[in-house]
Every structure is written in C-alpha cells, then in structure tokens.
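Letters A, B, C, D and E name the chains as they come in the text, with residue numbers starting at 1 for each one.
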Amino acid sequence: MKKELKIIQKERTNPLAHVFDDFISFCQSKSLFMLHYCTGCGAIELPPAMTSRFDMERLGIQPMVTPRQADILLITGYVSIKTLKRVILTYEQMQSPKYVIGICSCTVNGGMYWQSYATAKKLNEYMPVDVYIAGCMPRPEAVMEGLQRLKDNIRNDKKEHKGSAWKDYFNRYDYYLGNQQALFGDDWQTPTDIIAEAKLYDLETEETYGKHTKLLEKHQTPLLPQEMRIK
Amino acid sequence: MNKVPIDEILNKVNGIKITHKRKTRIRVDVDADSLPTLLELIKGRASYIHLSAITCVDWIADNQFELVYHVWSYEEKCLISAHTRIDRGSESNPAKYVSVYDLFKPADFFERDIFEMYGVTFIGSPRMEKFILTEWNGVPPMLKDFDAEAYVQETFKWTDYNPDWLQELTDQGGGIAVKPEDIRTAGNTHNMSTHRERDKAKAAAVKANEKMQGWKQ
Amino acid sequence: MSKHKEGHSKSYEKLKLKTTLKEILDVAVSFEKTARDFYTAMIPKVSKNIRYIVEELAEEEQQHYDLFLSLKNDPYVQSQLDERIKTPTENHKFSDYVQLLDLGDNPDDQTILQYALAREDAAMKQYQDLADNAPEGELQDTFRFLAIEEAEHKLELEKKYYEIIHSGGPQ
Amino acid sequence: MKKINYNDKGSILNPLKNLQFYARKPVTEPLGPRPASASYRGFHINDLDKCIGCSSCQKICDNAAITMVEVPSIEEDASKGLRNLRPAIDYGRCCWCALCVDICPTSAIEMTREYVHVCDGDETDSYFIFPKETGIHGDSFEKGWTKTEDSDLLDRARRPMGEMEPEARIDNFDEIVDGFTMEMAIEEASRCVDCGLCEDACPAHMHAPNYIRSIYEGNLEQAVEWMYETNPFSHVCGRVCTHICETACSLGHGEGESDPIAIRWLKRFAMDNVSKTKIKQIARKGKSRKKSGKSIAVVGAGPAGLTAAFDLVKKGHKVTVYESLPKAGGMTRYGIPNYRLPKDRLDQDIEVIQSVGVDIKYNVKVGTDISMAQLQKDNHAVVMAIGMQMGRSTRIPGSDNKMVVKAVDLLRMIPKGDEFNVPKSAVVIGGGNVAMDIARSLARLQKQKYNEVNITVSALEQLGKTFLADDDEVIESKEEGIVILDARGPKQCVIENNKLTGLETVKVISIFDEQGRFAPKYDEENLQFHEADMVVEAIGQMSDVSILGDELTEELEWNRGRIQIDGNGATSVEWLWSAGDMVKGPDVINAVADGHRVADDIDKFLNK
Amino acid sequence: MRPENYQAVKLGQSNEYEIFIGPNHPGIEGNYAFRLMLDGDIVVSGKADAGYLHRGFEKLMEGRLWIQNLAIVPRICVPDPAPMEVAYSMAVEEIMGIEAPIRAQWIRTMQLELSRVAAHLFTFGGHAATTGMYTPMFWGVADRDLVLDLFEDFTGGRVYSIYNIPGGVRRELPPEFLQKLSNLLDYLESRQNDYDNLLFTNQVFVDRAKGCGALTQEQALELSVTGPNLRACGLAYDVRRDDPYLVYDELEFDIPIQTAGDAYARILVRRDELFQSIRILRQIIERLPSIKGKIRTPIPNPLSWNVRKGEAYARVESSKGELAYYVVSDGGDKPYRVHVRGPSSMHAVQTLEFLAKGARLEDVAQIMFSLDACPPEVDR
C-alpha cells in the first residue's frame, strides 16, 4: 500500500497561497483534455460518452490527440504487454498534472484475460491510477461518473490529496520502474528522464531512487536528436 | 464451361479421403505431399479461389500438426476443408511446410500467424517474421505444451484485496476458504470437489482420539 | 403388579391424613428418598452396559428429592406452587399401555424403563386422586403440584423409552 | 429506400437545411445514471439464506472471479448439504456474463440493475465484494438478470427409474427397480455439478462426484475404482443405501421441481455393468505386498466387520472374520429382503472381499464356540462388529404369545429358507423400513401361498409427517395391497383361549412435542381391533452384547447402552475396537465408514 | 529496450522516410499501428504492425469450458460482437449435432441484423471523421446508442450481449420489444435524408472519398476481401445468401453492390446494407410473433459437458465481412482448438498495405476506416 512519503517542499510564505491553490485546482478541474487512445475494448463506450448522447463536454472534458496536451489518460480495459510499453511512454510524455483512469475489470486484477500470457494484470503496478471505474465494460454513465469523481478529486486535491496520484510516479519511481523492468527486461528505458523531472518539480524522495534506477542508469543510452533528411 | 463434378477433380489426388459433411462443406484428408497439388487443382479447375483460412491444430499426443486449408468457391458455393498432417518437429528442428502463397495471397497472413503461434516455418512464404508477437520472447504460445496459466501465475502478481468485510469474517474465524486459483491448479475443473468436510471430520476424530487417550491411561 | 398396588394404597392412606403443606412435602420427600435408594441399590445388580439407565433414574429421583426439600424450606412456597399449577403437564397416557413386569434378578433395559414408567404413573395418579379428594386450598394445590411434577417426570421417561427402545433396525 | 443521385452536386443553399435541426429534440441525456433495463446484468446480490455454498458459481466463472469465503455465523450441516461458504466476487475479474446466476442451483445469486461503481486509485479493495441481499453499495436496486426457465443451465429432472408393476412383483422376490440403461445413466450423470456436497454428507465420504464423472465419460471401470477406494459394499450401497448424499445434493435444494441426482442408482449401474473379474482386479489395487505378520480377529461378517477386514488385509495384515450364521453379510443378508437387494449381488461383494484375502469362518459363535479371551490371546487386535440383531418387543399385554414375533427373526428366516407358517392375516407394529420390509415380504409369501394379501401395518407415527420409512417404501407397499394405519399405538394383543386373534390399537393424536422429542398423546376413546393370525413387532433392535462375557462387560466403558468408543472406534480396552450398528446405529454406509475408521486406527496402532 | 516505434523519424534511403501511425493516433481505428515509408506525402510502402490488442484468445479458449467461452468470444470484435457469439454457438451446435429451435434462430437473426445496423452507424461516423467531418460521428454514435438500448433490453448487456448459447438463446424477448424495435426502425428510416444530406451526398466528403483506395474486383478476390468491401467491387457475394445459415433463406433482401471499389463505394454499400438490414428486421417483426416454441435446445450441464469429437467451420456474414469459426473438439470439456477468422484480418493487413501504396498520407486513415478494419480481429 501507499506509504506516506515526505516531500521536501519549498517554504510557501505568501498568505494568499491557499486561495491561489484553490483557484488553480478549480480551474484545472473545469477544463480537462482526455487523450484519445483506445487501449482495449472499453474504448467502445467512449464515443457515446464523448458525443451528443452523453456529452462529456458539459463536464469540460474533450478528447485530445496528443499526449503532450492531454491531462487524462484513459486506460480502457486490458493492456497487452506491447501496448503497455506505449502506454508508459505516453504517460511519461504527458505534462503534469496528469491523471489516469482505469476502466473495466482488467485494469484492476486482470479481468477476463487473467489467464492470458499477453496482457498486464494490474495497472497500478506500472503507473499511479487516480480513479477506477468498474464494469466490463462500464456504461457511458459510469464513465461519466468516474470523470466527475476525478473532477471532484482535482477540485479537493489541496485538502484531501486525492487528485495528486501523478506525484507518486515521481515519489516512488523506483517501484514503478522495477515493475516495468520485471516485465520488459532489464534494459527497459523510456526517452523521458523521470528523475530529472522529479528534481525539477521537487518531488524526489528517498524512494525515487533504488536498485532499479541504478539498473536503468547502467543501460540507458543517451537519446540522440533525430535527424530528418529530406532532399 | 463444362462442370466437372468436384469429386472427380479431387479424386485425381493420390490417397485422398473425401467426406461430404453437408451441402456446403466437404472435408478432404490428404498427405502433406499432395496438398499443394490439391489446392492447385481445385483453384485452377474448380473455381475454389477464396482462401478463407488456414488453421493449425497441435495434436501433441500424435506429435503432429494438422493444417487445415479452408477454400471457398464463389461459383459452387461450397467450402472444401483440406486436412493434412505434418510432423510436429522439435525445438532444434522446427516443423516445416511449403507455403501456398503463390496460389493464395492471403496465405501470407495465415502462414505468418501459424509461424508465430506454432513455430511452423512455411518455405516460400514472403514474410516469415514476427507480426503480432514482436515483443514476445517465449516459445510459440499456441503450442499445447506451453502452459499459459502457469506462465501467468509465475509472471504476474494479483491484487491482494483486504476489504473490511473480509477482515470482519477473518476475526470471526472465517475468511477465504477456496480461492479460484485453488480449483484450477488441478488443470481440470472436475477434480476440484471441496473435501473440507472430510478433512474436518478427520480433524475432529483426531481431537476426540486425543481426548480418549486421556481416560484410557 | 399387586405388590405395587398395595404400596399405592398404603401411601395413599398415609398422605390422606396429612393436613399441612409441610407435612405432605415431608412424606413426598421420603417417597423420593425411597425411590432413589431403590435405584441406587439396583445399580450394581444390572449389567454394566445398561447401568446408565438406572443411574439416571437414581439421579432424577435425587433431583426430585432436592426440589421438594428446598420447597419445604422455602418461605414463598405457596406462590411457587401457584405458578406451577397454572401450566399443568398433560398426561399423554402412553404409559397406560406399557405393561408392568417383574423386575427379576437380571432385568434388561426395557424392563427397567417399564418399571420406572409404571412407578411414576402410579405416583402421579395417586397425587391426582388426593388432589381431587382434598378440600380446595393449600392442600389441594400441593397435591396438584406433586401430581404435575410426577407427570413431568413420567413424560421425560417416556421420551427416553422411545429413544432407547424404538430405535435400531436396518434400513 | 431512396436512391442517391450521385451526379447531384447539390445546391449552394444546402447548408440552410441545417436550420431544421433547431426544431428537433436534443438527444442528450441528463447527467446521472439512467435506470437500466429489466434484465440488465449489473452488480450481484446473493440471498445468503438460499445459498448453500455449493461453489457452482465459482466453477462456472470463466474469469476465476469468485472466491468462496467461510462465514462462521452461518450454520453448516453436511448431512443436509449446507456449507457455510458463500461467494465473494472480484470485480477486477468479473465480466458480468451472468453464468453464475444461470447455474446457481438454488437461484440465490442474482444481478441487479445497479452498474455504477467508481473508486479512487487506492480503494481497489472495494472491487472485492461480498454480495448480500443488498448490492455492492448496500443500496437496494431492482433485480436485473435473474434466472428464468430458459436461461437455467441445469437439468432439473431426474431420469425416471423403471420399476416392476405391482401386479408383477407381488408374488415373487425379484428385484423391483430395473436400473438405468447406459444412455440414461450418462444423461443422469451429466446433471452433476460436482459440488462435492454428497461426498461431504456421505459417512464414508465416497467420491461420488468422481465416479459420476467417470460414468458420464462412459468409463465404468474408472467409476468402480473410485467406489472401491471408499466402499467395498458398493453393490449393496447401490441398492439399499440411505443415500444421505441425495439429500445433500445441491440440485435437490433448488426451487420448485428440482430432483437430486440419483447417485445411488448410478452406483448400482456402474457396479452392475463391470464384470466380476474386473472388480476383483480393481479391489486388489493398492494391496500391500508385504506381510505385516500381525493378525486381527473380526467378530461379525457384516458390512462394518468386512470393511475393516478388507482394509486391514489390503494393509498386509492377516484377518479372520467370525460369523455365527452360515453366510456372510449380516443384516444386509438377513435383514433386507431379496426384492430390494438380490442376494447374488451381496454374494458378489463378499466374494470380492474374500478374493482380496479375507478369511471368513462361518457358524462360529463367539462367546459360546470361542471366547473373547481366546480371540484376544490369538490376535493382536479384535474388532467387534456384531450389529443389532435382536428385535425389541413392545411388551404390551399378550405380546408373549408365540404368534407375536419379532420382525428381525422373521426376516432372518426367509433367506435361510426356514419353514414357518405363513399367516393368512398379519399385523405389523412399527413404522420404520424394517416394518415395511417384513410387511412386504409377508405379503409376497401370502400371495404365493393364498393368492391374496392381508397385511396391516400399524405405526405410532403419522404418514407424510413423522413417518420413519422412506416415502418410496410406503408408496410401493400401498401398491402391493398393504394397509398402512398410521398414528395408532398398540394397546394389547388380544388372546382368546391361548390363541392370538388380533391387535387392539388406540389413536395417537400427536407423537412429538415442540422440541421434536417423543411425547405421544393418545385418544383412549378411539379404539380399533385388527384381526390377525400373527403380530409382527418391528419397533426397534438391539445388540446382543452378552457374548462379551461379564468380565469384559465390566472392564469396558459404556455410553448409553453402547460400547464407548473414541472417534476412531477404539474402545477403552486396548486390544478391542468396535464398529458398525452396535455402536453407531443402523445404516450400511455408516457401518462401512466405521469399518474404514477402525481399520485405519488398528493399522496405526499395530505399526506403532 | 524502447519500443521500436517510439523514434518518429528514421533515416531512409534517398528522400524516403519512415513514419509510424499509431498505435496512439486519431487516424487509426482502434489500437493498431502502421509503418509507412513516404516520399513526400506519397506512401511508398506500408507495413502493418499489429499485436497491441493481442490477448491470445485462441489460447484462452482452449483453457475454458465450452460454455465459458461464450463470455469471451464477443470481445474479439468490439463494434460488432453479436456475429461472434452466433458463429461460435453455431460451430458448437454443428459438432454436437443439435439445432437451435426455430424461434431461437429467428431471434438470433434479429440480433445479428441489429448488430449490423449498430456497426454500420458506427462506421459512418468513423469514416467521416477521417475526412474531418465530425457531425456524422456525433449522429452515428448517438443513433447507434439507440440500438444498444434495444440490446440492453433483450440481452441484458449494452455491448456484449452474451446472449447466445449453444442450443439457442438465453432469454425470451421482453414484452413490447418488437414494438420498440419497430419504432426504432421508423426513426432510423426517417434519418435517411439527414444522413444523405450530411454525408453521402456531401460534396466535401464525396470528393475526398471518391477514388480513394480503389480496388478492382480481381484484386479484391486475390486478397480474399469479403463483405461490403468486396461488394463495393461489384461482386454480389454475401454469406447470408450464398452459404445460408439461421433463417436467412426465408428472408427477402437485396445484396447492394457498387462497382467503383473505392472508399466512397464502400460506404455507399454500407449505407444500402443498413437499409437492407432494416428491411430484414421489418420482416422479422412481422414473422416472429407467429413463431412460437422453445428458445433453447437443452444442453448437458455445462460443468460436465463433453462435446463429442469433431470439427466444424461456421461462417457468418458480419458487418465487416466473412467471419468464420473453426472449432475442433477432441471429446473433452474444453475446445481443443478454436480458430477465429476475422474478416478484418484480411482487410487490415494485406489489403491495407496494398491500398496504402501510392496513396497520400492523409488518405491512409480514410482507407483504413473505409475498409472498416477492426484491429482486435487481427490480433485476437
């Protein structure tokens, strides 16, 4: 289970800081972009939720095509190992604050593919999850409820620390990386430098580092800028 | 075009066994050697031009793979399923067969699929490479001797639930009795009768016995 | 049977003469004591496998004895009797059809039970008669109470009889 | 269907058509969950009282989502087929296919129309639910998918068992039931859900699910092998077992018409269709090659004694069985009439047991021909399994007449072939299966001799409520022309001039009190007289423990008239064990179970 | 190890370069990827990259009881799950030698046609979206949802009905259902004009779709293209008519064809098919009440159900094309082998690769959607 971790935070002296925080989380909760990535069968209930019948836009949520601009990553059901790699890449590319919603049974305990050699069983081993929506697959109404729950969590984050699961990825990067390495092999690496980001955001803890990050350092090859040569 | 009865064409192939299963289904069994000839014949002479599927069945007990070519004729409105068996091969010497890509383009997909899932190499197939399982390093997963469930239990962790109601039950002396995994470890749903009663009765007997030993002495 | 009848009438006469509750209870206590002693004396005489029946009978008589004794010394005895009389135990008359046999030297379980049944039956009927003939009030209540107690005891015995005798046999 | 004009390039004014949509009703639904349809497969509920813990839902679950949890507060009763296991569902696996609903034998588990469950990332515990009458969040929702007759996955009806017509069976002792054909047996066997409740309920814990499965697969030898693992009296039990297993069977718990599997008949079927030589081979399986050099005496060649002997011989010991009668089988031979258990079947069971190496000495009465002390001296251990062979008498007036006989004695005479005067009319006192056995046996003899049946059964117990005999027995007896007078207590046997003329009975108003204990109420006004040449008493039996001798009787501890034994059948005397009816009450399968227990314990004791 | 398709750009020969489309890309239907070698914005060659949705269905099915597979089969094609159930049930029935009662067959037919309606409505939206038109998607999805409401009504599930069972169907239709269905059909027919105006005769769409991804009939046959895609090339071939199953031989319907073989022809075929399905459903509404009787032939207790030895190849016309199940039983309680021949496995790999060649980059997405390729059918 999640341990309470000590985060070294900069001293905030401004008396209006809290008012400001509240305002920011209010704004954040009112405008969310959802990454358009259907990882599994639950994606079939997203079009109804997005379009006129259930109309996600009234919650201020819209699909977005690139991860860089998206706030919400919806994991719609099972993730095969092959997809999981891409999902992690995508997740790391997203800008903080970012939120993950696990839809369907499969994201919790393997779902109906629990026997399958090709799918990951527990999403929260590989990335922190904000909200789960039960169902196989959940109806659009349930998806909408889940999104509202996420909005509430973001809105109340400063009070209850519910909408900040993403910080956990930086706080305990070693844990997530370890699980990823166990599945993809020791030489697993992504182009995003999570440790540097954690330092930047002041989110590093003693659990950010560990033997897995050491292993990563050993294998990591620098990511060279890509050349595009067009004559 | 003069219509030649399909049986007549089929019978040109040596050692063929024809079973008319129903109006639109014919099953033929041929030797591995004659199968390409058969396909060529039915495609060329009898308008069986639509390769519906190629299936591989792993008959591990016979140490054989069965390849089934389902070919449909738009004119005859009939499906011929051509069955043949090839040697299952071994790890060092994987099973091999000839490709029918020249005859049927879609064989590319099906043969590649069988190559990935069963490890059968089709000689002459244009793309004998991984497609779906590009990031899979194990044995071809569809082989009967690959135990997916054991692999899963070994590789993945399950969510360890501990809800309040379960805690309550455990405090009362109950709790989890039969996990779903327990009944599946036998590999067979039919050896999984719970023998709790019998075990309980035995335990009770042991207890009673201990008590009796007391007054016996 | 004749032997028993005689005993019945004798005790009947004895009780008829008593006029107070305490006196009656005294006699009842002595009866229970006799019964208890009778069964206790019988214990070693019967085969060990059925000894438990006699032991239980003796035990029950002892309980009765204790009950009557404590009642005798209870200052609120009257209210207790009233309470008990309100809910009489019905006589189901099963024992009417159980033949009374001679106990003999080496009685078996059925014989012992039958004997005990008959004995309780007789005691019950005797108290019943006394109650019917006594003047209303304390005396009648006491006899009625005793009759109920004996009826209760008899009923318990009947159950035991059924459970022991009416059992067994292959499917 | 309107055809499209492909060449129509359209008008520049086409976009104006969109104006019409302002007049249309928007399709957007209000926020919040809509009510789901009437058969929606939403979250589960479970009626904990209806659920019997059979785990069928767990087995049918394709996603391994169901865990059985033990709920200590729920009553558990193996003989009734009630376990205190209840399903808990993992919504991290479930796919809401409702197969669990459709297979549930008691329709306990059902689905509601509730479908919204959302939780925070660290609350996945809420995905593992214990369904009760209220759903996942404790709210009551209307029921969604419930089992209907169409969706029920179980076959509720038992394959009918063919029986001889009453006219055909009344004048002979031929077996009444026909037995299954292969087809019927497979169909019947296919109904089994493999819950194991029967196995739990069976005193000998016979592997019923396993042999039913083998029968279903057509592998009868395998089935017999399963049987012989726990029961060397499978022929006998296949015919006359009390089949507690069928009471426990989860299919029998269903609502409405739902029959338990005919486990007993399936056993009979498998045994009848495997050859004797094959059975002998099977029985020998697992026999120890090594001789232990220890010898054991078994007193009484009934099911308990022979089972113990069978087990002990297989463990390499030398066993001698002493039987006072000329043939083995005990009550199964001398208590059960032929039409229920043909004696050739019993002979076969015994032959198989003997073929394993059990030595039976007939016509040796322990206590007179050989003393217990002698047995103790000659053997390392002795098993007492003499059963309950003495009949009880009502001892009502007149019961000492010679035409008042005990049922067990009479039943013993028939297979022995002893001559006796078949009465023209008879009254049987008693309402148990023994009473039915003797009544029906006498009826057959009467039919043979006088071509008419004149038997009355008079029982204390009330038909359909407290009656002791099986319903089948009562129905069949009535078919055979036997008059059953229930709720009548015997008053006296009427004797005139030293000759029995009949039985007088009195009406029983009620027989048990509120606690279910015996407390009969008689109505003395209601007397009835039944004319009879013979009165048969079939009220109860007891064991002839006198053969133990006074000394041993004194040495042993007793428990309410029976030899006190521990859980394994050991008595308070070190070398003596006791098993079967004499310590456990009358029942073949209990006797067999006892035999196993005793054999195990003796083996343990001897190997100490 | 980084996934290979992370690196967006790679050095190619001469002026060619390779890009990856997918798996996370709005122009890809489902979770699928496509590697393209481009010269400018012209595709030189394309290579499909599948397996993102691979769950090992065929392996999973070998490990589950015959009846347990009912829950898993619809997952193979999410937008059109009903034909999966029906095909699997039909294959098992054929091996067992039983037949579903006639009423069940009618209900199944109704389910299949409703599913086709839903799938086609969904495809209109998807196809239109790849040309930048989002309104048809909003409409199509909303209208499809009305069909899903009906599914929920009679099967208990919105998307995955799990309604068929070898031997028949699991539930009788709820009361008034046919009336509801009839109302829905009325509504859908009334929408025909709207859709025509919005999409099928919309010049923007027509210009984009016409000539895009054109297949000749010969090419289509060679690539084993089936379903609406084949019919768009002028061959009136439909499993429902040519290898009839259920009660299709008792129903009247036309097989719409187009000859151009391009994206526009394909979507027109689907449009016409949608209305043919409505025609079939109207006939079912008319006939079904008069067909009385059971809806399920009893099967043995599913926990101990051994299907006798044998094999069957059951073919069904799904909204995407010819769907087939090859089921082999060795007499055990689980299938020995199940092979799913998804129609998209032909469309999404070889056909797509073939059509992409020479197309412009912006058309690739349209070609894929116009083929109505369903990636899970490829991956299984």
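The rule is short, and it goes like this: a contact is a pair of C-beta atoms (placed from the backbone, for glycine too) under 8 Å apart; a residue touches a chain by one contact, two chains touch by 3 or more.
This one's a predicted model, so the numbers in the text were calculated from it and none came from an experiment.
Undergrad: Indicate the lowest number of steps between chain A and chain C, counting one step per move to a touching chain.
TA: 2
Undergrad: Which chains does chain A share as contact partners with chain E?
TA: B, D
Undergrad: Measuring between mean CA coordinates, which chain is farthest from chain C?
TA: Following the centroid criterion, the farthest chain would be E.
Undergrad: Higher C-beta contact count, B-D or A-D?
TA: Result: the pair with more contacts is B-D.
Undergrad: In terms of CA centroid distance, which chain is the most far removed from chain D?
TA: For chain D, the chain whose C-alpha mean is farthest off is A.
Undergrad: What whole-number Å value describes the gap between the mean CA coordinates of chain A and chain B?
TA: Here chain A and chain B have centroids separated by 37 Å.
Undergrad: Suppose each chain is reduced to the average of its Cα coordinates; what separation in Å results between chain D and chain E?
TA: Roughly 53 Å separates the two chain centres.
Undergrad: Once you find the CA centre of chain C and the CA centre of chain D, what distance in Å lies between them?
TA: Spacing between the chain centres: roughly 42 Å.
Undergrad: I'd like the Å distance between the centres of chain B and chain E, where a centre is the mean of that chain's Cα atoms.
TA: Taking the average C-alpha coordinate of chain B and of chain E, the gap between them is 24 Å.
Undergrad: Show the residues in chain B shared as contacts by 2 or more other chains, in ascending order.
TA: Counting only residues that touch two or more other chains, chain B contributes 133-135, 141, 146, 148-149, 159, 189-190.
Undergrad: Touching at least two other chains at once: which residues of chain A meet that condition?
TA: 52-53, 82, 85, 108-110, 112, 114-118, 136, 139, 184, in rising order.
Undergrad: For chain E, give me the residues that contact two or more of the other chains.
TA: Residues 3, 51, 54, 56, 59-60, 63-65, 71-72, 142, 160, 303-304, 379.
Undergrad: For this entry, which pairs of chains touch?
TA: Pairwise, the chains that meet the contact rule are A-B, A-D, A-E, B-D, B-E, C-D, D-E.
Undergrad: For the complex, which residues does chain B have touching chain E?
TA: Touch list, chain B to chain E: 24-25, 49-53, 55, 57-58, 68, 70, 72, 74, 77, 79, 81, 104-106, 108-109, 117, 131-135, 141-142, 144, 146, 148-149, 189-190.
Undergrad: Would you tell me which residues of chain B are touching chain A in their complex?
TA: 133-136, 138, 141, 146, 148-149, 151-152, 155-159
Undergrad: For chain C, which residues count as touching chain D in their complex?
TA: It comes out as residues 47-53, 90, 92-94, 96-99, 101, 109-110, 114, 155, 158-159, 161-171.
Undergrad: How about chain A: which of its residues touch chain B in the complex?
TA: Going through chain A, the ones touching chain B are 81-82, 85, 108-110, 114-118, 120-122, 125, 183-184.
Undergrad: Quick one: in the complex, what on chain E touches chain A?
TA: Per the stated touch rule, the residues are 1-3, 5-11, 14-15, 17, 23-26, 30-31, 51-56, 59-60, 63-64, 71-72, 75, 78-79, 122, 125, 137-139, 141-142, 144-145, 148, 158-160, 376, 379.
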